[in-house]
Structure formats: C-alpha cells, structure tokens
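The same subunit A turns up in both complexes below, where it pairs with subunit B and then with subunit C.
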Partner chain A sequence: MEPLNLAVIVKLEPDFSEGNVSYKPDGTLNRNETKSTLGPHSGIAAKAAFYAKVKYGAKISVCSMGPPWADIALQQAQQTCDADVLHLYSDRIFAGADTLATAETLKTGIEKMQGKMDIVFSGHRASDGETGQTGPQTAWKLGFTFIGNVISYDVNLEKRTVVAKCLLTLNGVPNVIEEIEAPLPVFLTIDPSYKSNFTTVSQRIAFEKYQKEAYERARNFKQSLKVFNIDELGVDKTLVGLAGSPTIVYQVERIPKGKATRQAEVFDGSNSEHIRKVVAKMREALSAMVIK
Partner chain B sequence: MEKYDVAIIGGGSAGLAALKQLSTLGKQAVLLEAGKKVGVKNISGGILYSKKPNKGRVYNVEDIYGQNFVNEAPLQRKITKYLLHATSKDKVFSMDLTAAHEYQSNFGYSVLMNDLNAWFAQSADESAQKCGGGIVPGVHVNNISWDDEKERTIIQTDELDEFQVKAVIAADGVNSEVAQITRARPKFSAVQLYQGVKAIVKLPEDIINETFAIGADDGEAHLFAGDITLNHLGGGFLYTNRDTLSVGAVYHFDSLLDSPIEPNTLLDALLKNPMITELIKDEVPVRGKIDKTLEKEKQMQIRFAVTKLIKTWYEIRDVYLSSSRRKELIKTGKFNSEDEIKSKLSETREKMSSQYGIQFKTDYVEDEYGAKLIPDGKRCRMKKPYHKNVLFVGDAAGRGVFVGPRIEGLNVGIDDGVRAANAIARALEKNNFSQGYLGEYYTKSIEESPYTKDMKEIDKEYLKIFIDATKDVPKDILSAKHSLVLKLMSSGAIRSMAAKFVNVLGYERLLPVIESEESYVKVPTELAERSGKTISSSYTPSIPLLADRIAKLNYNDDKVSHIKVLNPNNDFMKKLVMLCPTKCYSEENGQVTIQHEGCIECGTCSEQTDWKHPRGEKGINYRYG
Partner chain C sequence: MTEENYRHVYVVIEHIDGKLLPVSLEMLGEARRLFDDFNARYSSNEKIVAVILGNNIKDFSKELIEYGADAVVCADHPELKDLRNTIHTKVISQIALDKEIASRIEPDYAKEFKKPRYIFFAADSIGRHLSSTVLVELESGLASDINKLVIHDMTVTHQIKTEGKPTLFKKTLEMYRPDFSGFLWTTILCLNNTTPSIKREYYPQGCSIIPGVFEPIKPDPKRSGEIIFYEPKIDENDLKVKVLSHKIVKSEVDFEIRKAVVSFGRGIKDAPDENIKLVVELAKQLDAEIGISLPISKKLLPASQAISSTYMIPARVIGTSGSKISPMLYVAIGISGAMQHIAGMQDSEFVVAINPDENSPIKNECDIFINGRMEDVIPLLVEELKKQQQVVQAG
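Then we have the complex of A and B:
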C-alpha cells in the first residue's frame, strides 16, 4: 500500500491577540506594527492533516503564497502537523493577487510537489479578509473532488477513498451532519469545529512521537523549506498576481454604526456603590420574573 | 484489545521514575497522565534531594537519569543555606539548620515541578519508546478490572479504548483514585495530612542574588514558625528559585479542621511578615487611569498599547537582570552589548511614563497560587503498598518524610518508583504477577528503604544536629517538661538510650508532644519577642485578593464537576467553606454546595466527598507547580 501524500495550504495573517495587535489613529489595522502569525483556520487545517500522519503515517507538504517573512506561518504549521516539506511561493509579481490568482499559484505549487497528491487541506476562511474561496478554487483548478465544512474524516487505504463528515448549517433548519465518501484525490476545507479523535493507546503514542518530531523539525524549519520565485515555480505570469486577478478591492468602507435603540447605563465594577445599584436592579428584574 | 506489559498511572516524579527504570531494564510500559502535558498538575514546595544514607541504599535522581543530571535538568538553585526563623510581629530570631539540611545528603536543589517533570518525561519517554511504550497525556483512568480466567488486567479510561496489561503502578498522588478502585487503602484522614498553599513570586535573577547576597547558582531555604501561624500547627517556607521565589504555608490538616481558617489568610500572614516583605520586594509598573470620556475605540487602543509596553518592559528587564540570559542573547546576536539592553530598557521605561502615565512603585509580583495535600509518612504510609498486581508509589502510598524541619517527598517517590519498576521487571521475567511473587517482594524492598526507616524511627544522629542548632535558644522559654527533655537529650549517651526507648515504645506516640502548639507557635513567638532582631518593612505589599489569584490561574473548564458532595449538611463540609484554598464551597440554608470551576484539585475535600480527578486535559494547568 502506498503511503498517503498530503498537502496543506496556509496563510500568514495578523496576530489579533492583545499585546500584539496595533491600530492606526483612524482605527484601521497598522500592519507594519502588528505581528504576523499563522492564520487560525490554517492552523486547524494543519491539525487535520496531522491526524492522517498519526493514523496512517502520511507524508505532509505545507505551502503558502506570501512575502519572504511568511516562512514563519510555514514554521508554525510544521510544528502543528510535522510537515516533511515546506513550500513558499514568494515573488513581487504574486502581489495584489485575488483568490483566483492565488489559487493558480497554489495549484501550480501542489502539482510540482513530489508524488501523486491524495488529499489537500485548507482552512475554512481567513481572519483578515473574506478569502474563504481560495480553497474551493484551488480544488477546481486541480480537478479534485471538493468537500467543505469537514469536521472529521477517515481514509480507507485499501479502497483509496476518504469518508468525511461535514457540518451543514442552514438557516432555520437544525444543523445536519452529512457523511460523504469520495475516491482520492480530494480537497478538504476544514470546519473550525474540527476535532481529531485518537482512541487507542498506540495512536496516542504515535501522536506524541510525531508531535515531538514536529517540534524538532520546526526548530530547524529552514532545512525543510524551499522558496520559489515565479521562474522557479514556472507559472504563467498572466494568471497570477495583479495581472491574473479579475477582482480588485478598490475601496474599503467602515461599516456605519447602527443606531442604539436600547438604553444602556454604564457601571464601574470597582465602585461598590455601583455594584449595589446593579444588584438592586437584578433583584428587581428577577422578582418580576417570578410567576405569582 | 491492545496489549501492553505495564501501565503506570500518573506522571509525577514517582511515576516517571518508574517508567524510566522499566525502560532502562528493557521493559515495555505506558504511562497515563490526566493533565494535558506531564507536569501541569504537579506542585511541590519544593526541594529535590539526593541522599546518601549511612546504612542501606536509595535510588537517587542521578542514578536513574544519569550522573550528568545536575547539569542537564532544569533545576533552580542549589540550596546552600537552610534557616529556621521564629517570628513575632516585626521581630525575627534565626537559627541555622544548614547542617540538618546537609545531613546524609549529596545535594538539595530548589525545583519547580512543571519544568522538572517535563524534563523527566522527555528522558523517560525517549527510553520508553524504544521498548514499544511511551507517555500518553490527557487520559484519566476510571477503572481497573481483572479477568482472572484469562489472566488479564484491563485498564479503562474516559478517553481511550480499554486495553490490557500485566501489571500496574499506581502513581496517582495523594488523592489516589486507584487506591479507591482497588480498595487497597482507605482515604487518608485529616490527622495523616498536611495542607500546603504556595505562591510563586516573580523576582529577577540578579535581584535575588543581591537581596539574599548569594552567588548566581546558590540558593537559600527559609522556614518560619511563630506568630505567622496565627495559632495553627504548621509553618511557612520561602525557597529561592532562579528568577522566582516559592513562598508557602504548610499546616497539619487536623489543626485547620479544629479551628478553620482560610488557607490564603495563612499565606498572607507570611507575606506580611516584614522579613519576607523585604525579601520579595521589587519594582512594579502601575497602569495610569484611562480617560473614560474618550471614544471606546480609543480607550481600547490605549489599553492594548499599555499591555504591549509593559510586556516588552518585563521581557527586556528579565534579560537585563539575568547574567546568563544576558550573555546568551548577546551571543546569539539578538543584542550587541549589555549597554544596548540597558538603553533599550530605559527607553521603554521612558515611553511608559511619558506617553501613558505608567508609574513605578515598590511592591511584589505574584505569578501563581497553588495548593496541595501532603501525606505524612509517619502516620499514613501503606504497610502493604500493593493490591493484586498493582503497586503503589510515592504520595499514592502515603510516603513522605516529615521530621521536624526535614521535609522530603520527591526523592522518596522516586526511590519507590524504581523499587516498583524493579519488582515488576523481575515478575515479567518469570511471568508471575501473584501477590506472593510481586507484591510481597515489592513490600520487602520498600521496607528495606532507608526512607521507610526514617518514617518509622527517630534518628539519633539527626536529633543531635537539630539539638545543636537550637543551642542559642534560652532554655527557660520552654515548658519544664520540654526543657528537661532537651537537657537530657544534650548528652550523647542519654540521647541514644532515649531514641532507642522511643523507637521501642512507638515513634508515633511521641508525635503529639513534638508537633504541638508549644513547638509551632508559643516557643517561637516568645523566642522572637525576647531575642529576635527587629526588621522594619519599607513598604506595604499589595497582596492580591483570592479572586485575583484564581483569575490568574489557567484552567481548562469541564462542564461536569469531578467532585460530588455526599453530605451537604455535615460538619466537615461546613468547614470546607473556609478550608478550600479556592473557595469552591458555599453554604446556604445549612446546605453546602460546590462550584467546581475554580478547583485546583488539591483534594482538601476528598475525605468526605465523591472525589475524582477531572477528565483528561481538564482542570488546572499550573505554569510553575
């Protein structure tokens, strides 16, 4: 049986945690002062790939399109999924790409990876832009079966199929979990509620072993990293970057604030007089709820 | 069903020593740890000793983890000075007990369990994987069952499929669930236990060296008795770590039950003592008030910026005030020179005060609050530490040495772990796991341990050292009875005879005399009042409220409570309202109820509740331990 060959596409995003994020006076994000990190949804995709590493001993490649310093996103992803190979597609020509042009770059990169690809993973969306369609578009370009909103999956190595559970959220209808079986190769986008489930001692021991290996590899991540410029990648210049983007963001407007309809009173938690007032209000509200 | 040779339940220092030893002997073992990572549930005082007993042998850390242990392991500081202080208000009388600390000892290092156990785990796991085993964290064992017909022992957990083993080592601590599952021993009672609470105080390395006037690798241990006990039986301690201090209070649990007091109040009493206040003092930034009339968004921006600046300031300062880290970062090219770090630090500081109105004041910084029950080996060690093919080690077997100022637990558990591993390796070779071949052999090995002897008998040599250390104590402070005993004991021949007599009579009968209000409270208080030096404090420490201490802790909440109250209206439960270190209990209309969310799993309430460890990965995650 051939070992599974996997790829994960990831994105470098601003770190929105307190103490790391910085804003301009007009309230917009100051990208120069804000640290960057692996996008949280990309992290979940890497976690999902790691499941196959632990369970099936899969080979994992992680790739990203971004500036040279996006290698830290790859490093973080490697620490999550114990990736064997890291690809960074970095060239000035790639700048200004919309999701379709990004998909073209990623597709070309994935096709350049060694061996026949079985599963490609991506996150559900990004935290700094509505670019959730990059995954599906890459799948379409690769010609892989696409399965979205995956919350868990397993691979049947003999049949060479994947069985995935997907979360369907429909307006006004209770959530539905759909189970889909599809022949490899497939492209999975991973739902934020994804959870890896290891149920035996041997799987858990393998999990710990690969996790340790991942930590070591991530420490020396440059050894597994390969950076491609446009020529090395060999992609059509008209299909990538600004030139290959049919859509352009030409203006960003702030969402106007809605008019508040409720009457809010502000209480200071450190003022005991205020606390007393809140308790009295709560008591009033609670006693009104008692059915007499 | 998967099969393994040995299951070790609990990844504390005893369980890890067992894993390391079994793997060194080429045996397959899996260690199951409930915490998300090994070490996050562990807390100790703590000092780790390596001992060299006059008679018999013990298994020390360096015997298991290699002779280079001291250089490789994340130890804090080598304790080179050990002092006992008697306190009364602002007066302190100090006695040097370094000779007692060095008694039959290779070394004693201050340690923080989270880091140290992680290091033990890495070493043990590497060896275990070579034998087809390993460490599995995040798994809570809920049952062990025996299928005698098929000669198999089945381990059941909350998280994994059940699996089969040949033998088990129970290293699940003082509140051992395995002991309850197997009914190998009853739960420990108050008289057999101590309750300890501890605060980790942050203090840069160089400031510690300066305050205590010690070298970069040296450390000190300070014990306290007297009025800081608030009339309870026990005392306080302060150990120097590399860039933190461990400050804690340890009390006989039965004494706390007799007159309930909040454990954090006992800790606060210690922190308010002027001697300790001076030892923990540091410079602390205080946030300026944010103008509430500003736009919400602007306020948030300022708050974020202040957080970022304070974080940066601490980062640079921790480097600047630590000679080893300073050198390391210059070597790795992060900084060019010490001057560069210094100027960066003052630059940040300047920005803090000029741009954001951050001020600096003398105070102290507490980083972590924790608590633990400690078994007193004199009173609760298991006489037969096994059940079928399950061997009990360390705290789970009720084994710890408490003799006056001599407090040892980690090294005892490690010694037990190795003995259990050796017994099981022998049983695996003969494929004989009967009580006679395995359990009795292990019991015999434990009985031969010098630690067991220390739990059973008074050691006249140690007694002499202790008596010598107290030679400056005016004898008229003591009661007539104590004074006479001390006088007699000063003579070698009588001491020898008396020790023999006591050991024949039964050591435990003497304990109420030794561990009395007189020795913990009255004598030290009077001693300090009469002969103590006056120490004045240069500031009033802002001691955090319990709620703030709990808010700083890191929990992985479980919706389901791991503790169930059995008798909501009994006396013990009512006392827990006071005695639970994180105030999980409250009383309303005579009924005690629990809110488990703040539980730090010390087990103070375990005697009279249905007490289990939380499910895998849930509950408290200590950063220091």
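Then we have the complex of A and C:
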C-alpha cells in the first residue's frame, strides 16, 4: 500500500490573540501594530493532516501564498504536522489577488509538488477577511472532490477512499451532521470543531515520535523550505494577482453608527442603591406579560 | 460582448429535510426590491430566477413565486436528493449557461443571452462552498458574507483593471461586506474584463448573503411566474461520492426556551475563566441562556479547556453570524456593541449593559447602562437578586 501524499494550505494572518492584537480607538484593527502568525484555522488544518500521518503514515507538504516573511506561518504549521516539505509562493505580482486568483496560484503550486496528492487540507476560513472561498475554489481548479465543514475523517487505504463527518450550520433550522464517502483524491476544509481521535497505544507512540521530529524540523525549517517567484512557479500571469482577479476591493468605510434605538438610563455599578433599582427593573422585565 | 448579453439575477435556493431555509426567501425579497428599482431605472424587464435542486421539490415552486421569483428553474432528480458539491456545482452551472432556459425566461433576449448578470447564494455551510465552486466553473468573481447590495453605473479608475483610465461599468453590483470587527464595511466589485487580449468575461457578479439580514417580501398568492423543469446531466463518475448518513443534531444551546439571555464579549479578557464563572452565576440567578459576541467564538482568549469548550463556541454567538434572539431580558456584559452583534439582539424586550466605557456603542442600544467593571458589578447583582428573590419567597 502506498503511503498517503498530503498537502496543507495555510495563511499568514494578523495575530488576534490578546496582547498581540492592537485596535485603533475606533475599534478597527491597527495592522501596523499587530503581529502576524499562522492563522488559527490554518493551524487546525495542519492538525487534521497530522492525524493522517500518525494513523496511516504520510508525506506532508505545506504551502502558502504570501510575503517573504510568511515563512513563519509555514514554520508554525510544520511544527504542528511534521511537514516534510514547505512551499512559499511569493512575488509582488501575486499581491492583491482575490480568491479566484489565489486559488490559481495555489493549484499550480500543488500540481508542482512531488507525486499526485491524495488529500489537500485547508482551514475553514481566514480570520482577517477571506471568508472560506479559497479552499473550495482551489479544489475545483484541481478537479478534486470537495468536502467542507469536516469535523472528523478516516481513510480506507485499501479502497483508497475517505469517509468524512461534516457539520452543516444553517440559519433557522437545527444543525446537521453528514457522513460523506468519496474516492481519493479529495480536498477537505476543516471545521473549527475538528477533533483527531487517537485511540490506540501505537498511535500515541507514533504521535509522540512525530511530534519530536516536528519540533526538530521546525527549528531548522529553512532546510525544508522552497520559495517560488512567479517564473519559478510557472503560472499564467494573466490568471494571478490583481490581473487575474475579477473582483476588487473598491472602498473601505466605517459602518455608520445606527441611531440610538433606546434611551439608556445610566447607573453606577458601585452604588448599592443603584444596583437595587437595576435588579428590580430586571425582575419587572422578566415578569411582564408580553403579548406578541 | 456588451452587458446586454448578461441578464437577470439567479438566486440559488436552499432547502433541507423538506423545508425551505429562511435565507432563501430573504434573498428573493432583496432581489425583488433591487430588481423592481433596476427595471424601472433601466426600463428593462430582467427577471428574478430561483434555482432549486433536489428530489421531489416541485411543490416549492409556487411558494418561491409568491415570495418574489419571476421564474423557477427546478432540477428534480433522485440523484440530487443529497447535496454533493461536485454534482450540485455542475448542475447549477449548466442551468446558468442554458440558452433554452434563458429563452423561456425572456424570449426577446434568447439569442443574446450568455450568462446571468448576477447570482446570489446564502452565506451558510451550504452556500458558501457552492458559491465558491460555481463561480470558478463560471470563471467569475465572488464576494462572500454580504449584508448590503446596491446596483448602479459606476466609473472606476484602477491601476491594473482599467490601466489607470476612468472606465464606465454599467449596472455594477456593489457588494458590502462587514469585516471581522463589525466596524468596517468593505465594498467589493466584480468588474468585467476590459483587456482585449484576455478572452474572459467576468459575469455573473456573484455574492453570498448573510442569513437573517434581509426581509422576505409579503407572500402574494396571486403572483404568477414561469416554472421550468430542467433535466440535469449527471456524470456517472461523480456518483462515486456518497452521503452515507444525514443526522439532525440538537444544539446544547437553546435561546428560545429561556426568558432571559446573558451574553459576554471581549470585556472578560483580564481573567477569562473567573469572569465567565461570574457570568454563569448571574445567568443561573436569572434562569438565562448564555450567549457570546463573535470574537469570543474565535477562542483567542486564554481560557481553560472546560470553560472554552462549553462557552466559547459558535452555537452561542448572538448576531448576524449567529442567532437572532428576542428574549424578555438581555444582559450584555463587556460587549462593545458592533453592528453585527446589535443585529442579533435589538429585538429584545429589555436590555441591560454592563460596561466600564460610557462611549461604547452598546449604550445606544440598551435601556439600562451600568457603568462599571463586570468583576465588581456582577457579584453585587447576584447578591441583590438573591436578596429580592428571598423577599418574594418570604412574602
């Protein structure tokens, strides 16, 4: 049986964790003061790939499109999934790409990787804007079966199929969990509630072994890293970057504050008489007869 | 090619377990408002085309017309019973490019029709992915998670797209997307290709629409429309993908059965575990369900595994990206009041906010504003609630 060949797509994003993120007084992100890191959803995608490595044995390649300093996202992902290969697609021409153009770059990169991919993973969405299109769009360009919202999965190595559990969150109706079976190759986007289920002792031993290896590799991550500019990648220039993007960001504006819908009565939180009044009003609100 | 070759708005309808999802009717409502205005302004007669795929779904057609569709394209087929991305993407794309369908929708333009002018999807677990793959197949642009739409002629100057020259783009769909903070709006445009050497046409202009944002129109049983049955072409090879099971899961969070909801936001940050415990205590006293603001669900604040997996989960989010609620009492703790949160709670009967910053937008959305830190205020509230409760019991 051939080992699995896996790829993970990751993204460098602003670090929204407390202490690293900086907001302007008006509540918007201060990008200059905010550090960058591996996006949290990308991290979950890397975790999902690591699951297959531990359970079935696999070769993992991680790739990203971004500025030269996005290599730290690849390093962090390597530490999570013990990747063998890191690819960074970095060129000024890629800048300003919308998701369609980004998908073209990533697809070209993945097709350039050694061997045919069995599973490609990506995060649910990016936390700083991209809303989950890049994964499915790359999948479609690759011609892989796309399965989204994956909360767990397993591979049948003999049949060369995957069975994935997917969580559908819908408005106005209860959530749904579906189990989908598909022949490899597949493209999975990983839901934030994804869990790896390691059950056997041998899996736990493998987990620890690869984790140690991952730590060592990530320390010397430049040895696994290859950076591609547009010519090295060999992608059609009219299909990437701004030129290949049907959409543009036309403007960014502050969302106008809504008119005050209620007239607030202000109370002092340290005044016990105020607190007594507030509680009385809260109780009144709860006991009111509401005819709807 | 002129923009006249691209016509109508196609709205991809979602349904599950025999029910139309509310967002489907919301999208039709917004399409109706946009197109009544569009057709008046441009003296045209472009249509709202509802596209629905599934098995035994013919009965939905009438309802879709009552809610604003001019035409319904219905692909009713046993193999479309389950949602499989590859098959659904191909069938939607077939429908979008089908001239026969276009000729039924608007016979006068049957010859000219190339592609839909606009296409709408829902921004949920189904539509987000389908919109992505369909727009790759149709080779055009997509803006996701939209909550405002405007159509007009725009002159755009763009260094690359128009080589720096002011260029008129007729009937452009301005797609507004609120950013992650809820304070900024990004306008996204899908502009047709103007470079003659590149043979591409960026139509339809695609978007996915956040559920709960737009109102459906009042259904009108007298409205009439064209119902078109489409026989999908399904590739044998795509049938290898199988949906093995489909289970409805009951959420552990239920806002509907409680009279009160207590929510917290980033204001817990100084001591997440301790502060969430305070919130839980207050909720217990009020017999309230616990909600959160969107940023909390991103798990960026350090909290213990037990606390975070119980309280910092997407199912608790109040707002356009979560639940829209209308309890008798809503308590917002350490929530600044971004628009996307307000949209989820503004129908509450009575709103109390606890916040140390009197300038936060939440002050305009509450009946009582308690000025103070939650660490100080909540214990006092809890104590007072217990006291007043006892008085009632004694009396």
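Here, the second predicted complex is superposed on the first by the 248 of 292 C-alpha atoms of A that agree within 3 Å, B and C clash if a C-alpha of one lies under 4 Å from a C-alpha of the other, contacts with A are read in each partner's own complex, and residues count from 1 in each chain.
The rule is short, and it goes like this: contacts are C-beta pairs under 8 Å (C-beta built on N, C-alpha and C of every residue); 3 or more make two chains touch, one makes a residue touch a chain.
For clarity, every value in this text was computed on a predicted model and none was experimentally measured.
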Subunit A residues touched by each partner, larger count belonging to subunit B or subunit C: C
Which superposed partner A:140 touches (first subunit B, second subunit C, both, neither): second
Subunit B versus subunit C as contact partner of A:175, first or second or both or neither: second
Touching partner for A:68 - first (subunit B), second (subunit C), both, neither: neither
Subunit B versus subunit C as contact partner of A:272, first or second or both or neither: second
Subunit B versus subunit C as contact partner of A:248, first or second or both or neither: second
Set of subunit A residues, in rising order, touched by both subunit B and subunit C: 18, 21, 23, 27
Of subunit B, residues touching subunit A in the complex: 2, 4, 30, 125, 129, 133-137, 139, 159-161, 163, 297, 301, 303-305, 307-308, 311
Residue ranges of subunit A in contact with subunit B within the complex: 18-23, 27, 198-202, 204-205, 208-209, 212
Contact footprint of subunit C on subunit A as seen in their complex: 16-18, 21, 23, 26-29, 40, 96, 98-100, 103, 127-129, 131-133, 135-137, 139-141, 145-149, 163, 167-183, 189, 192-193, 238, 242-243, 245-255, 257-270, 272, 274-276, 278-283, 285-286, 288, 290
Of subunit C, residues touching subunit A in the complex: 14, 16-17, 19, 21-23, 82, 84-86, 89, 122-126, 128-129, 131-133, 135-137, 139-145, 156, 158-161, 174, 177-191, 193, 195, 198, 202, 208, 211-212, 240-251, 259-260, 269, 286, 295, 298-302, 313-315, 328-329, 331, 336, 338-339, 342, 346, 349-354, 358, 361, 363-373, 376-377, 380-381, 384-385, 388
